[in-house]
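Below is one structure, written out as structure tokens; the observations come after it.
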Amino acid sequence: MIPRYTRKEMADIWTPENRFKIWRDIEVFACEAMAEIGMIPKASAENIAKNAPTHFTPEDTAKIDEIERTTKHDVIAFLTHLATFIGEDSRFVHQGMTSSDVLDTCFSVQLKQASELLLADLDKLLETLKKRAFEHKNTLTIGRSHGIHAEPVTFGLKLAGYYAEFERCKQRLLTAKKDISTCAISGAVGTFANINPRVEEYVAKKLGLEIEPVSTQIIPRDRHAYYFSVLGVIASSIERLATEVRHLQRTEVYEAEEFFSEGQKGSSAMPHKRNPVLSENLCGLARIVRMSVIPAMENVALWHERDISHSSVERMIAPDATVTLDFALVRAQSMMEKLIVYPQNMQKNLDKLGGLSNSQRILLLLTQKGVSREDSYKLVQRNAMKVWLEGKDFLTELKSDSEVTDKITHKELEEMFDIAYHTKQVDFIFDRVFVK
Amino acid sequence: MIPRYTRKEMADIWTPENRFKIWRDIEVFACEAMAEIGMIPKASAENIAKNAPTHFTPEDTAKIDEIERTTKHDVIAFLTHLATFIGEDSRFVHQGMTSSDVLDTCFSVQLKQASELLLADLDKLLETLKKRAFEHKNTLTIGRSHGIHAEPVTFGLKLAGYYAEFERCKQRLLTAKKDISTCAISGAVGTFANINPRVEEYVAKKLGLEIEPVSTQIIPRDRHAYYFSVLGVIASSIERLATEVRHLQRTEVYEAEEFFSEGQKGSSAMPHKRNPVLSENLCGLARIVRMSVIPAMENVALWHERDISHSSVERMIAPDATVTLDFALVRAQSMMEKLIVYPQNMQKNLDKLGGLSNSQRILLLLTQKGVSREDSYKLVQRNAMKVWLEGKDFLTELKSDSEVTDKITHKELEEMFDIAYHTKQVDFIFDRVFVK
Amino acid sequence: MIPRYTRKEMADIWTPENRFKIWRDIEVFACEAMAEIGMIPKASAENIAKNAPTHFTPEDTAKIDEIERTTKHDVIAFLTHLATFIGEDSRFVHQGMTSSDVLDTCFSVQLKQASELLLADLDKLLETLKKRAFEHKNTLTIGRSHGIHAEPVTFGLKLAGYYAEFERCKQRLLTAKKDISTCAISGAVGTFANINPRVEEYVAKKLGLEIEPVSTQIIPRDRHAYYFSVLGVIASSIERLATEVRHLQRTEVYEAEEFFSEGQKGSSAMPHKRNPVLSENLCGLARIVRMSVIPAMENVALWHERDISHSSVERMIAPDATVTLDFALVRAQSMMEKLIVYPQNMQKNLDKLGGLSNSQRILLLLTQKGVSREDSYKLVQRNAMKVWLEGKDFLTELKSDSEVTDKITHKELEEMFDIAYHTKQVDFIFDRVFVK
Amino acid sequence: MIPRYTRKEMADIWTPENRFKIWRDIEVFACEAMAEIGMIPKASAENIAKNAPTHFTPEDTAKIDEIERTTKHDVIAFLTHLATFIGEDSRFVHQGMTSSDVLDTCFSVQLKQASELLLADLDKLLETLKKRAFEHKNTLTIGRSHGIHAEPVTFGLKLAGYYAEFERCKQRLLTAKKDISTCAISGAVGTFANINPRVEEYVAKKLGLEIEPVSTQIIPRDRHAYYFSVLGVIASSIERLATEVRHLQRTEVYEAEEFFSEGQKGSSAMPHKRNPVLSENLCGLARIVRMSVIPAMENVALWHERDISHSSVERMIAPDATVTLDFALVRAQSMMEKLIVYPQNMQKNLDKLGGLSNSQRILLLLTQKGVSREDSYKLVQRNAMKVWLEGKDFLTELKSDSEVTDKITHKELEEMFDIAYHTKQVDFIFDRVFVK
């Protein structure tokens, strides 16, 4: 977590204070369940629920840390601190449970909370992409393959594609969230030897989690590997969007530009020096999110019923990947919200090749008129080359090529240059993407 | 694809012959659709469907390769070869389509076919794990955390955990298969300028694919990134299973062993030299499958409407990752099917610590009898140390410690050593995992 | 290994025939050493050297494979086949050795051979980069940061940078080659229990390898991890070069272009459709080479004196990474050799901003003339904005701004637009890079 | 950087205060150089050197951060703060330089400083491994391949192997340190348009760096990719060492154990619950260090003369990878220093197979006595099986097998069981590793 790439909302999920709050909930809910099935006195459970603080402060954290320096055990330190609020009934707290029951279930809750923030981020990004897609539904621009002009599209159509991609990302995250939202309170080796499975069921329900059907000491790490993989895919989609903006803002292309505030200076005296730093930054952030995927997968093969090798990895990647992805999604939304689009420049670039982007249509028409594909190609190419090499206008050249006009009338030729030909299905595609 | 780690069933999906068969289907279905909407004559479409070969041979491939050496374009080479069967009507084939329409839709079909094989593999592995889990439902063995003895579990319970994990893997693969099963026939920049969207809908339906709501020139690569991520997660779960077997076969543990055929020789003169080579191999194969995840994610951010950088990556990772995972799943199934389990050795290891695995129960009982947690711990520990250091029997020691027997009767102590205490919820857990 | 991205020279290193040739050398050299120290008869060693074939054919491979199907052991199958040439003395072959002695030492030889090819590739690429750097030493072009015009450089200077980068890559590969060029013939657990260390020394010397100071059963895998990491770094440098070419060939930039043969067609009817497919392909190949790095690192932590999990990984990544990198280096060399450079377009782009790239110089001059930095900035910016927004010429505007001309004469202003200012150190930098 | 895995020494390198100190040095040295070549007054340079603070405090950082909130530019904020100490001469500071000149050269200094700490860590680890290797030079233990008993080695020999591996790691880090120790002060696009190259040379020398022969705006990132790769290789070697310790501490193996302080409690009531948590943690830390390798490689292909996508990645991975590796090396050293070794348990495990580890020797002797390899194998195996299956003693069985004793005398057989046979080359290997 680097402060400059961190939003407080997500960082708060990973504070000790939030962790202790969740631990508290798990312990209190477990006591309620134990009371319900007669394992501990109802009055004690009520007392515990009443006295256990529902909010933890940095002061609490300091005290718990102080205790941990002696006990060298985080959960025990927490329980000791909790006991100062609860008094004698604290002996009923954590009964038959194992540290991992608390730690892993808490981790699930945190990842679920993180997912909710990320889903909200995605919703905002989707809303923005949709708004701007409709705004530029008919803004003509050249489609490019291999960085080379191909045929016309609209800028809205490009954005509709990103919308659909992030909609898929959202669905994947919903699936991953469901996968990770699991609760295990099953004791030292998952046998429920010292704890009744009904405790697990109760706590799971209270926390909005599913029960883990079979755990070892821990919640199996394939769930986490899958979760971080999905974050990596979302980050890669952000990279695609950011790469597009970087290209559009290039000096020679200049079809769009990240917003620059009035007073903001570029990096030098040159007024054109408005750098696409947000989108470049997003590309870097994507690499950061992605780097958590392989370690998360390496964490799966723990030894026997568990080892602790995954722990340090998760302490690092869980905050880093979620905080960075949250920041990136919010930045991407803001970048797209404020993106300055230059339709005139789009048109200028579109016109750059003198109508050559219609060459395929002429070719098709010639073949429909009975000219062989080989001959058609030659006819088109010889006119296209004049455009390409001598800067002529394609339609003009075609009109004055008698072999062409033998087959195609001037009127037909002109129709071939109707831009509407390329955009006629935009409404249809928008319906597919946005109407469901 | 390394022959020794390749099954023909999966390799066949990636042959040129299967690719050409799928290309043929796409082209023929597209013609049918075009005929239906009146773009080409019905008779021509029928003629095309009738004459286009439904099966391609290595000889076809050789001919197509020969043509490609001239045209330097794979799809054109294919169409040229196809034309030799179809004759004049071949001019209607591929009309208004773009190579990527064929290539990407074909790739979807191949990944869908691969998924089906992998799902069948998973089903067989699940079946085996289930069978062996029930077989060893009550086979006692020590649970281990950090490689150190913890508390008893059953071997069946371990296997139930793997069953649940691979069941999750199956669900993830079903999701990934659905995600990748998409068809795009939308032309050079995805605008349907030269092709009616109803063609795409028709072909998609025929191939059992969904339509791609909005494509550029290509099917967006976030779908593929997600797909390969899921393969990576499954591989990691295989690694966990394989690591368990490797541990169990260690000379000092020797609780289970990969099957050795009668005549098979170990790697040296030593008869005990039965090496867990299958499970070790599976760990390596997991690394191979996983290595495709990051490149697949790097493939997402193609430039503008597409570039071709993803192509070489996919030519490599698509066969390699699916073939290797298929091989690994089949090997894992066979390994688990034939795994030789040694319940006596499990019991011997379980007994190794003279009953110490029950120390926690004694501790809990003492606290229930009113002894403070600190004093209880000391009482338990001083007896445990004799077991640990001097090889004494834990129950015997406890019985002769008067401070213990002041609080707990001999009968109560004996009950604390009842192994059934640890296994009492095994049925319950099995119900959770296997009954739904 | 995908045939289309494979050169025979590198693929040959990984054939069974080359492997058998190296195995043969190891075994024969070991016999020579054993004879020298009196362990086996000199005549037998001579006989073995004389009769062991120095060249293996696919027929040999087929026979050895046939034997392996029975023995299920590759080295034993090889030795059995070898014995058919050697006769009775074959009992002296492989004495006291372990399969890994042969396999790992052979792998070192293969990686050394691969390094030699890659070094030759790098040398050719360096030569080409040098030639083209000198050719375009003074070809002016705009330098870009963030994809935005910054200040002028020369195209030769860009190429000099790539030269220096690949020179570093070469040094790293030399180091990695030295690191991997190691020989271990130390027996089943590396103790030389059954073999004299002098055999190892002799064989190492004969093969041009260093001895492995201490091996387990195998050559430690940190050497290989390092090796593949270096390949990954080289691949990343190729990606940088290829990305530059892709940018330069964009329609709007069009400063350079990959070579297109006369008859070659672009991907459609449009003559401008010359796609930078070589450089795009190189970006994909870079991802492929890089993906071997993490598995190679995961291979390091083998269990105890060895396990076999690394084997499948190496069977895959060793050919794939070396073949792909070799192909990529050769393709990069050819791409750069034939790259069509358009100096006029470079100049056109350079002129695009009406001289704005000199704005920093004006700014500096104003401050030197005593104007505060803030005021200088404002003066420059108000003139620059007219250029930027209204397409005016920067020098003309400055000359007609009296607040500017109060401080700077027309002559001084003109000097500020002298392009030679930017190129004055090019010779110096070339000396640094190319003269040593 | 997670506090619990962070040593202050390394974290200090990455504080703003250290960064500002290095920036200050670069700026002051640059002024000295400019004075020397007559670009600025000597007195001014002296004044700058005298007044620029040589130490920065958190208060300075707060002030600079405050300024940055306005300027939105870190280097300008720093220079503004610096000016408050220097006064009017501050206008000579940073003249003709670019932010990247300062940022990238500073990054080189920080990575060099980090390398020095890591090299010191490696030296201490090497010293410890050497000491313990000699301590256990003759401590017999079983060598294991595939986790299965193979032939005897000594524990010292194992440690000598790790020593040699970390010695290689040290050499690699020295190379990487040299590679990264480079200084660029070449202006906005690396042309030295506004700055004399002699400034770069002077500053480089003062900082103990090499000059960057040709830079763009930045120091090329292949250097950093290589650096982080080497860290990844070192981390992988740590993982191998840690994995060995984890295996040795397993309950069933128990040949060594991480140190437990007197008062320390295991994780439960069970006194045997001494978990190898340090070595497990080291395996996790290795994954963390390794995850920086791919992003560092993805950072290489920046666009044209630079983009800023690498920046966020480096802000994250540079502290994380160096801090984590430093912590891991120190922890590994301490773990090995205090490792409790149980030679009796090693012997007990060695004896476990009743002498079977000598079976290969018997086999060899029989063949030397003229028995065919096949018959020898059968003779050995039938006796070995009795040991393996019935727990008999191998030597006893051999002595009572007349077909064996027909060929080999009792005395010869006994000699085959002489453990010294396996250890006879230990001195020789130690000489190779430790004497140079």
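A few points about this structure:
Every chain is named by a letter (A, B, C and D) in the order it is written, and numbering of its residues begins at 1.
The rule is short, and it goes like this: contacts are C-beta pairs under 8 Å (C-beta built on N, C-alpha and C of every residue); 3 or more make two chains touch, one makes a residue touch a chain.
All figures in this text were calculated on a predicted structure; none of them were measured in a lab.
The minimal number of chain-to-chain contact steps leading from chain A to chain C is 1. Between the interfaces B-C and C-D, more contacting C-beta pairs are found at C-D. With centres defined as mean CA coordinates, chain D is found 25 Å away from chain C. For the pair chain B and chain C, the distance between C-alpha centroids works out to 34 Å. Chain C has residues 144-147, 150, 188, 246-247, 265, 267-268, 275, 277, 280, 283, 290, 294, 298, 303, 307-308, 360 in contact with two or more other chains. Of all the residues in chain D, the ones that touch chain C in their complex are 91, 96, 143-147, 150-153, 157-158, 160-161, 164-165, 168-169, 172, 175, 179, 187-194, 197, 211, 213-217, 220, 222-223, 225-226, 229-230, 232-233, 235-237, 239-240, 242-244, 247, 283, 286, 290, 293-294, 297-298, 300-308, 360-361, 364, 367, 373, 421-426, 428-429, 432-433.
Only residues 2, 4-5, 72-73, 99, 188, 246, 264-265, 267-268, 275, 277, 280-281, 283-285, 287-288, 290-292, 294-295, 298-299, 303, 307-313, 315-317, 320, 324 of chain C touch chain B when the two sit together in their complex.
Across the interface of their complex, chain D is touched by residues 142, 144-150, 246-247, 249-253, 265, 267-277, 280, 294, 298, 349, 352-353, 356-357, 359-360, 362-363, 377, 380-381, 384-385, 388 of chain B.
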